[in-house]
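Below, chain A partners chain B and then partners chain C, in two separate complexes.
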Partner chain A sequence: MSLSSRHLLGLYGVPKDDIQLILDTATTFREVLERPIKKVPTLQGKTIVNLFYENSTRTRISFELAQKRLSADTINFTTSTSSTKKGETFKDTVRNIEAMKVDMIVVRHQSAGVPQFLTRITKANIINAGDGLHEHPTQALLDMYSIREKFGELKGLNVCIVGDIAHSRVAMSNIFGLKTMGANVSVCGPSTMIPMGIESLGVKVINNIDKAIAENDVLNVLRIQLERDAGRRIPSTREYHNYFGITSERIEKNNKNIVILHPGPINRGVELSSEVADGPYQIILDQVTNGVAIRMAVLYLLGTMVN
Partner chain B sequence: MKIILKQVILFNPYQNLNEKNDLLIENGIIKKIGNISTDEFNSAKVFDFENKYCVPGLFDMHVHLREPGREDEETVETGSNAAAAGGFTGVACMPNTNPAIDSAEIVRYIKEKSSNHLVDVYPIGAATLDRKGEALSPMYELFEAGAVAFSDDGNAIKTAAILRHVMEYSKMFDAPIIEHCEDESLANGAMNEGLTSTILGLPAIPKIAEDLIVMRDIMMAEFTGARVHIAHISSKNSVELVRQAKKKNIKVTAEVTPHHFTLTEEALKNYDTNFKMSPPLRTREDVDAIIEGLKDGTIDCIASDHAPHSIEEKEMEFIFAPNGIIGLETQLGLALTELVHKKHLNFSQLIEKLSINPRKILNLPIPLIKENEKANLTIIDPDLIWTVDVSKFKSKSKNSPFDKRILKGKSLAVINKGKMFFEDKFFDIM
Partner chain C sequence: MNIKAKIIDEEGLNRTITRLAHEILERNKGSKNIVLIGMRTRGEYIAQRIKSKIKEIENCEPNFGVLDVTLYRDDFRTRLKQPQVSVTNITFDINEKDVILIDDVLYTGRTVRAALDALMDLGRPSTIQLCVLVDRGHRELPIKADFVGKNIPTSIDEEVKVKLKEIDGEDAVYLIHAPIKN
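Up next, the complex of A and B:
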């Protein structure tokens, strides 16, 4: 079995079999992570560049660890500002990196479409680690993996994504992936944070958090990113918490079987109360561990493909 | 020098002219239509344009020539060469140069640069100083130096207050105000807002950003009695707003670019920055409304919004790449292919929108195909099938989304100011 594409740019249009294969492969690697020696020689001799134009320690560390566990050689290229402002164009930077004979590029960038752009200007396998408001496929895959681990399968499950859907690549990748796997997907958030046309993707819009908790098996709660102009879409984080924050009272009143995911880092007292963030309904730390397994699976499947 | 265009179809809807005949041009002046003697045939350079159309020279009222300031992307000369190659004998160039066209000196500089070229170049003056939207530019002085219209193109005129004064002032010399209709506070995006932008994850601009300014400008034109011209109209509601305003006899005119009647936002799915423009490509519904607007006369003319950008600037991360595409050399082909051959417009309507109406809007004389008139002509083969090849473009820049596209219809030659462009060469016919 192998994937149908040599890049992972997003989950939009990715066939069910590919997602299934990644999730199943991750199960194998999840076992490796429980061993005393957590390393396999699978990608020995492969060179991978983590090209991060946006600061994200968590995602980068997770990828880096996955690469080390697979015995690949890793180079980190991290810059918080666009190099274009420093004179060198993105294209030149990438050409330079490619000249060092890299096999794969893991890229994060503030502009949507940069992973696609990379496929046109390099020969390396490209893995999207988050591009603009577009997609963050490995995050969605690890979310799906964590949900599957909890419920056994994704088909028929009711999953609601809560928060700033319009400015979340995590939300979009989850929507595309979960729909493909047969889950019923809804979104919940202030109406200023619901993107245009979302219903035509077969996604239900719920604007009441109690209803969202009551009707779903899983809530995937997004971080309210004030640094990404969420500040202009809601009056305050206090008001957001009052109307959309997940609290123990709300869970106990509506649905005690709910499972809560959060991609981290958490704004305590905003999208989740501290009690919920540490409480019995969440599987946040499982997500972190599963993230390494998912990234190992993706790196392995792409890195061992015959190009 | 004498030249003869043999057996062309002389076609000018402005004169109700549509006849096949020989045309004798001597020293740049139309000397004879028909009745040309054998002697004259023998002493002239004869071009066999049998059954090709000879129309009043085409005019593009919205181009960016980048001079002064970005001569690496385009100059008055290279832009004029591109115009001639595309079938145009006249263009009006936008003032968002560096410095902006906000002084008589720069108007004269551009006119001077183009004085020996076949193509007439008419500068459009900045409506406000440095296009900042704060103070009036010396509009009267610019007008006297040769500016034919006023615009802060690239942006809408900033506030209603300054727009009011710009419009009131423009009435003294009856120059139109050309508006790039986009509400700045809603326009921080890289494409049209909708399901496609949600899927592509690009920051988006809602259509209402355009509609709001179109509405503001129409109301201000009614209030002041001035003339407003809506540049590159792109949304369905804006077309309807212009239609209703015209019914009320408000002095509003409108143009559309070939890309806005040919392409939709779907073209962005590969994040090719050659499809990034302002206003952004819209949806099928908007394209249909635009074609309807062209048919019923709501949209007066077609203009390219020719916007040259260097390869380095366009080959960039999508959100950082500049807006705009070049269009002078594909405009006529696209208009014929998409509008005439698809039977939305007839050839006569097309010539009105590409030659006559833009000159009317700018108060410029309309070239006549008549004895003793200056020859200002474009020769068109509406059925010639050709493939766009940006590497052969006269423009200094290559940022076209239409490379490799097959088009039906092309300009064969242009004649103006005692010069001719034919088979890729300029030469004197004086």
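Up next, the complex of A and C:
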């Protein structure tokens, strides 16, 4: 069994077997993470570049840990300390890095399509760690893995994504992945944050958060991204919290079996109340642990692929 | 499958496993400090059978785990197919234990090398002893088994296939003609 593509650019169009293989492989690495020595020699001699043009804590650390635990050599590139400041173009930067013989590139960029572009100008395996408003496939995979760990399977589950759907690459990847795996996906948020025509992706729109909690098994709650101008689409974060924030009262009133996911970083008191963020319904830190296992699985499957 | 000979049948296999269990107990002076670790896939079932034999003999069950060595292999760059990984399941401490590593066929010794590395990452056992159902020769590394069910001298274009009820529906060991394709 191996993946059908040598890159991971998004989950759109990725076959069910591939997603299944990544999730199953992650189970192996989840076990490695529980060992006293959390390291295996599998990617010895492979060189991986983490090309991060946009800020990130979780994703970058998670990828780096995953790479180190597979014994790969890693280089971290961040724009603030690079020659991008001297005016070098993206393409030249990448060409130069590739000339130093790298095998894989993990890329995050503010523009959608950059990972796709990289596949045309380098021979390395490309992994998308978030591109603009397009996709963030490893986040969706770790979300699906965490849900599957909790419920056993994804098929038939009701999952609602809550928040700024229109400006979320996490939402896009989750919708594509979950639909492929046979889950029923809905979205919930203020109408200014729900893209027109989202129903064409086979997604239901729910306008009321109480209804969303009552009707679903899982809520994947997105962060209100003030850096992406979320302030222009809602009157205030306090008002957002009043209408769409998840609180213990709302959970207890509507559905005590709900499972809450959040990709982090959390705005406490906006999309989640502090009580919910630390409470018994959420699996937010499991998601973080699973994130390393999922990224190890993706790196392993792409890095040992027979060309 | 081009079968040349059936080397061990169902009864023979049972006797061999009984003997191996006795040998392991004799060498280790009982089952007190031993743990059994089977290597995926068939080593797991052989280890399970040795475990139940030990229970019959000593009336005490040693710890039992399963090891997957895929992540430690040395042939990622040369294989034609990507190997599928599965999960290692060893839930007990192997520090200061006498680990009995169990596999079906000992051939080049490369899988055992990988298993040794994998075990070292899990702890520091006081000894590791290798138990195999069949030793077919042609070692490529300096590795020797402590307990051998049967030595079967083979030529390079032969293969030894161990069949077990748990996965193959029968208990037997076959010698097969399998010319190497280049």
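Throughout what follows, the second predicted complex is superposed on the first by the 300 of 307 C-alpha atoms of A that agree within 3 Å, B and C clash if a C-alpha of one lies under 4 Å from a C-alpha of the other, contacts with A are read in each partner's own complex, and residues count from 1 in each chain.
In this section, a residue touches a chain if its C-beta (ideal position, glycine included) is under 8 Å from a C-beta of that chain, and two chains touch if they have at least 3 such contacts.
Just so you know, these numbers come straight off a predicted model, no measurement behind them.
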Touched partner set for A:M305, first chain B, second chain C, both or neither: second
Touching partner for A:V276 - first (chain B), second (chain C), both, neither: neither
First (chain B), second (chain C), both or neither touched by A:I161: neither
First, second, both or neither for A:E31, with chain B first and chain C second: second
Touched partner set for A:V259, first chain B, second chain C, both or neither: neither
Touched chain A residues, chain B compared with chain C: B
Contacting residues of chain C [partner chain A, same complex]: 68, 70-72, 76, 79-89, 117, 121-123
Complex contact set, residues of chain A against chain C: 1-2, 25, 27-28, 31-32, 35-37, 39-42, 300-301, 304-306
Of all residues in chain B, those that touch chain A in their complex: 193-204, 206, 270-271, 312, 315-320
Chain A - residues contacting chain B, complex: 12, 82, 84, 89-91, 109-114, 116-117, 131-135, 166, 169, 172, 195-198, 200-201
